[in-house]
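Think of it as A, B and C in the order they're written, each chain with its own count starting at 1.
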Amino acid sequence: MTVLVLLILIPVVVAGVSFAIRSDAWRPWTLVVAAVLHTSLVASLWFSNAWPSIGTWLSLDPAGKVVLSLISALFLAASVYAVGYLHRRLERPNRTFVTALLFFLSATSVVAFSQHFGLLWVALEATTLASAPLLYFNHNPRSLEATWKYLLICSVGIALALLGTFFLAVADTFQGPVDGALLLPAMLPRAGSLSVPWLHAAFIFLLVGYGTKMGLAPMHTWKPDAYGEAPGLVGFLLSGVLTSCAFLALVRLTQVCQAAGQMDFARPLLILLGLLSMGVAAVFMLGQTDYKRMLAYSSVEHMGILTLGLGLGGLATYGAWLHMLNNGLAKGVLFLTAGNIHRHYRTKTASEVKGVLHRLPLSGALFMAGFIAITGSPPFGLFMSEFTILRGAIGNGRWGIVAGYLGCLAVIFIGMARIVVLMVFGEPPNDETAPGPKDSFLTTCTPFVLLAAVLVLGLYIPPWLDHSLQAAAHLVEGLP
Amino acid sequence: MEHFAQLLLISVILANLFVLGSHPLGACIRAVALQGIALGLLPLCLHPDERSIHLFIIALGMIGLKGCVIPGLLFRAIRDAAIRKEQEPLIGFNTGLLLGAVLVGLGFGIAGKLPLPPYTESSMVVPVALSTVMMGLLVIVTRAKILSQALGYLILENGIYTFGLILAAGLPGLIEMGVLLDIFAGVFIMGTVIEHIHREFGSISAHKLVNLKE
Amino acid sequence: MLTTFIPLGVTLVAAPLLPGLINKTKAAFAGRQGPPLFQLYFDLLKLLKKGAVYSRVTTWIFRAGPIVSLASVIVAALFVPLAGHTVFSFSGDVIAFAYLLGLGRFFTVLAALDTGSSFEGMGASREVTFSIFAEPTLFIIFVILARVTDSLSLSRMLTQVPLFGMPSMAGLLALIVFSLFVVCLAENSRIPVDDPATHLELTMIHEVMVLDHGGPDLAFILYGASIKLFVMIAILAHLVFPMQGGSPVQTGLVFGSLMALVTIVIGIVESAMARLRMIRVPRLLMAACMIAFFAMIISLR
């Protein structure tokens, strides 16, 4: 139990400390301190195989464990990168930035533990509020516009999710007041008595609301603007951590639907949104001129794949969990190197960036490798997870879905390849103006480590990880 | 007491129609403040047998927050922007009123399809809640000033809160407090962003926020 | 037999009092003495003694206009209960009532167009535009009343249901009274919809339609307008406090004071507000229509 409390409180305490620190140069190190403490606590959970809990509202289950580990690992990587990044950007005060990042960590940890739908909602809303200041770090009109759109659209989405949560509560208490309303472990045994029309309405609103946070089409419109204007570090955290938390919320919802026997209603909706997101991403990827927005659409695509896997069920659910891990890691590679490229070339338009391999050899190579990874090419991990989902679809005989899935993947590969290859290769422009900073250890070691992790996951999944993913998949399926 | 609750719910819808149809921003903010006060009083009318200090404190907190603090934040935002009037919205004020009435009808229609939980005192809560949610979304989508969009968000939250009132037994007070806090923080951040936008762009018209495009 | 016509007689005799009362209220607010209460009677007598000038461009419609509008309003007044007593009623007379008022307006507009002057034409178009919003509101209110009282007769609608008594209907009643009040202001060309005292080209609506009438024609128009005002205020007064029985004298006194009260309220509204800009008027009427629509939805549950 203390582990749980510490995991949630440590970032908050460190946030207070970092708020009090005067120096902009020393403050980023608090991020590393908090991240290291967080990761070591999570590692201890793995070693001791404990399932801590506080009361019934906060407790760890297999799904939460996977998400929590991902959050912790990604935040550790981000914090190391952040030190290098913030030292390069010392002209901007970073107090709000660092404090908001730490609150973000705390809020996402609460999401991973929460077993109560109301608490889940409060924590996800807190992540929205904590991440809004992060988008505005560059303090220019474009990032301001992006922050407003992010704030408004995500707040509306979360508000609809709250309505869905209320619907769920009505469904739960329809027969009369119950013990532990909206509490997942208590709801699952009595799921058969949930009022069906209210459950359906709740599912729709929760899907739309949490789907907005995930960035599923057609609620994805904030993603290109937000990821396009945010610093690469923030894009990495949003696309890796925040989307995984929103996915966890969808998983909890699916658990309830599964227990209530309403999966026939839920599956088509999930599959529809998944394919729609992939399709939208494919369409907008072609002819994209801004390489950060391209990454945003890639994120939309992968969220679509996750939802598709969740909707297909069976083997595809395992694939979805594996994909969540791989996606977070690979997105890290892409966003962080994109940030390096942006700072060097000072432009986000892909046509103005050429010859990255010459100017920034390490970042260029990592960017290229990241592109190969994210589009699902072997030997990287995403190939395994996407292939697993494909096998799940073929196993069910859903040939239409298979065709759409493969088609979208192909189009996205082509679209991204056009942009990335032209950026990475070619002759660098001869500029009189001095280009930005070159590669440094701190800004390239993190993407390198993340890429290595994706590569390892593509070749070999360690048994403890495999076991956890299986447990998480079984949790969703309602199997013991 | 049900009749008083009915009067309060009617005033909630009237406040929505007022916001849809009128252009002075100050009047719209005051209408939403009155709506918040009405919503703060509703729990006392809907659950007469559960009246306790706990309920009174929540009601008082709600009235204070929705009736004074949040409108105060918004007034501060427009004072800096020195903008007092709303431009003609995307669909016009008259059409907005007409659509608002249609949404009220739609809300009542949808609520008729959903089976009513057996322990609700007033049968008007669900339709009013759904209509308010829809009208809040209409305001967000069609308004030209971003402050009005924030106002639409408040109306949306008011509608959702109205719905939550029928669940007083199902939803513990802790969650209500958490929800309130989140809404407050959200509006606070929105107000800050609006001030920044005014400083950057020189106006709070949403037509200026068009730089990010494909 | 003759006693059934007493309400009509009271209407015909007492109607010109109301505009005088409104003017007295406005004068009191302005700190003036104002014209005497019976001013409209003197005006009508004076006008009836005068002759009329007819333009060569006009046809029989111009002469028929004032007569038809007065006649339609008097017939409509037959259906309206006064202190609970009606002269005439049958099921469906509420529709006859609404359409008789519409007929009167139609002929006034025709007469205005008949003059061939763009001045009157402008007033006619404005009047008709505003009535597009006011008439549906009136009909929606009648639908609500019909549904609540299960009857289509105006007199039964207004005398049957003690809306004022039942607290569960309080909200509904408030909405209906508000919408009907706005419709009353619109139909009778009161502020904030129209200013009866203005004579500026850009701001007149009703006044400009009747600008070319003189003598007995103008007398008929003014008299008809006052009867229309009387009839609508009577409906409003009934909604607030339907009278059902008791001695005629008693109910008559109560009713009379209630009508005076509503008239004074109209006078107060006229003094307190300015006339709305022309483009804002449809919004006010639309708002009244939507509120009536909302009341209808509530009553349908």
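Note that in this section contacts are C-beta pairs under 8 Å (C-beta built on N, C-alpha and C of every residue); 3 or more make two chains touch, one makes a residue touch a chain.
The shown structure was predicted, so the numbers you read here are calculated from the model rather than taken from an experiment.
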{"item": "Centre-most chain [mean C-alpha coordinates]", "value": "B"}
{"item": "Chain pair that, of all pairs, has the most C-beta pairs in contact", "value": "A-B"}
{"item": "CA centroid of chain A to CA centroid of chain B, Å", "value": "31"}
{"item": "Distance between the centres, which are taken as Cα means, of chain C and chain B, whole angstrom", "value": "37"}
{"item": "Whole-Å separation of chain centres (CA-atom averages), chain A against chain C", "value": "66"}
{"item": "Chain C, residues touching no fewer than two other chains", "value": "none"}
{"item": "Chain A-facing residues of chain B, complex", "value": "113-115, 117-119, 133, 137, 140, 146, 149-150, 153, 156-157, 159-160, 163-164, 166-167, 169-172, 175, 178-179, 182, 185-186, 189-190, 193, 196-197, 200-201, 209, 211-212, 214"}
{"item": "Sites on chain B touched by chain C in the complex", "value": "2-3, 6-7, 10, 13-14, 17, 21, 93-94, 97-98, 100-101, 104-105, 108, 123-124"}
{"item": "Residues on chain A engaged by chain B in the complex (per definition of touch)", "value": "116, 118-119, 121-122, 125-126, 128-129, 132-133, 136, 141-142, 144-149, 151-152, 155-156, 159, 162-163, 166, 169-170, 172-174, 176-178, 181-182, 195, 197-198, 201, 224-225, 228-229, 284, 288, 293"}
{"item": "Touching residues (chain side chain C, partner chain B) in the complex", "value": "167-168, 170-171, 174-175, 282-283, 286-287, 289-291, 293-294, 297-298, 300-301"}
